[in-house]
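I'd like to ask some things about the structure below.
Labels A, B and C are assigned to the chains in the order they are written; within every chain, residues are numbered from 1.
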């Protein structure tokens, strides 16, 4: 069976540093991969490469068996990216931001999609306020609405819980669960071990640009995994 | 097939306008660049007034040069910040993550920068005509020629600046590298723009300005094509 | 090309180039007749013009290698581009120094806005921008791409600058009449000039080969150490 998303030997250098160093994995449709790792492990760089924001120096990304290449841009509509930066314009309202992105993605029936997305993420009340004036929680939800507007097959979430209060975190968790139950494939990067394990079908630990551990999340206990993670990090540092 | 091609062209233009409109709306909400460029233009006029000995030099003869130099300096000041707004919240990453062609982004920014700078040029012309008692063309043809020269000259400048600002934004030297990159390329633009402007203010016949206008048109086409082709290498990581 | 072969090629062209330069200097100082209108200072012409010749070849190579580098992504092309740019800067600097030396004595002015001098000056700054962009980008790979963009747009501006400045100068004849092609050349002068062009080209090829090899080696060493 062809994988929905495949990464083969991805490498990305910044000067002498290999931020992503030969990462290979594959995911089927509907799977969620949670990537854990210390700061500076290259997780954000990996997601940026998958989303097409950055080009890898080596390696390939495949979507349904097809290599996605640099100069062809249409494949990017199959990906949605949420990072800890909102990628929104502070001085535009939520509606204006989403409307701008819907035009970039050439979406039909954009007005309905925008209002549906805002309703799902419970941000309709702040629709006409400049994004810069909103709380972090609302900004992140609008960012998520932006990423989901074009109904992507692959959703890439880079530390989406940062700055969210308990209510917003739960909303996000429930939303991710909903997305998973369809055909959507999700790659989640988080420092929140509880949420990350709860949602994951597969887990990976990335350190210094490499996956030092990959496996299924079945039967993995939180405390056990946290200890395992810390042990692995200490081993590498010693 | 012809309809498809026509629809594609319309869609392309609509996307270019989407990008341009977004930039213009953002600018109108703060007026940061417009105010800075406008204030600069007026104050430079003041400095010129006090740095030129009007008993030795008839200012009207060098006014076109002063107007174009002010346009260039104001443009460097304001247009050098074209991509600063995209760096807020990494908005540019969001745009790069979309399927839109990168030449659309480039042309959209050229359009918004062109409108911005042309507005400032209008202010410069008004202010300099007051400060230096300039006499504008009498006939409609003269006004149209003036509009043509300034539109083409500004478009040349903006197409170079929009590309090279993208180079500068990813650089530790930032905006300070822009003059080094831009000024050498501007020389042919300035030669033809200033010469044509001089001739228009001197009420010379159109046939004497035609050659300059043709060169400016050629340069606009060259710079826009180069900019649209090379932009992705400047902006992609 | 491996290191040993590159050394041999560089040495071959270097020796040939130095020999030709010695021949050139002999011809300049002892053989070629003195030009009638400008006198002995005109002999700088045989250094000045060949240095520009090489500078233009170098910058053409920069644009070509940069364009193909952006298309194919082959790092060797970028190495060739930066090597050619370094050579181009050196020879443009020689041209910019020798021009005013000639001009001051021949025409009474250190500098004139003559089309080719103007072009050389602007080209020097375009390539200063090329190196600045390259050096001051945090990600070296990105720096190479940005420099390639500057290199291409710079070289493509050359015809625009030349046509425009020539047109402008044609409106304003100099007080001292300048022949933009230099003095009318008789056979021996032409021969000396050709030897000069050959000498400088050989020196450039030698320097380019050696510098390109060290650049490629340096990059390979840096990649291995990451």
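The rule we apply is simple: a residue touches a chain if its C-beta (ideal position, glycine included) is under 8 Å from a C-beta of that chain, and two chains touch if they have at least 3 such contacts.
All values reported here derive from a predicted model rather than from experimental measurement.
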item	value
Common touching chains of subunit C and subunit B	A
Pair joined by more contacting C-beta pairs (A-B or A-C)	A-B
Chain of greatest Cα-centre distance to subunit C	A
CA centroid of subunit B to CA centroid of subunit C, Å	32
Centre-to-centre distance between subunit B and subunit A (centres being mean Cα positions), rounded to whole Å	39
Length of the line joining the C-alpha centres of subunit A and subunit C, rounded to whole Å	50
Numbers and ranges of subunit C residues touching at least 2 other chains	138-139
Multi-partner residues of subunit B (each touching 2 or more other chains)	236-237
Residue list for subunit A, restricted to those that touch at least two other chains	none
Of all residues in subunit C, those that touch subunit A in their complex	138-141, 222, 225-226
Subunit A contact footprint on subunit B (complex, rising order)	11, 14-15, 18, 22, 25-26, 29-30, 85, 88-91, 93-102, 232, 236-237
Partner subunit B, residues of subunit A touching it in the complex	48, 51-55, 70-71, 73-77, 79, 81, 83, 85-92, 96, 100-101, 103-106, 130, 146
Subunit B contact footprint on subunit C (complex, rising order)	70, 118, 122-123, 125-126, 128-129, 132-133, 136-139, 142, 145-146, 148-150, 152-154, 156-157, 160-161, 163-165, 167-168
For the subunit A and subunit C complex, residues of the former touching the latter	13-18, 57
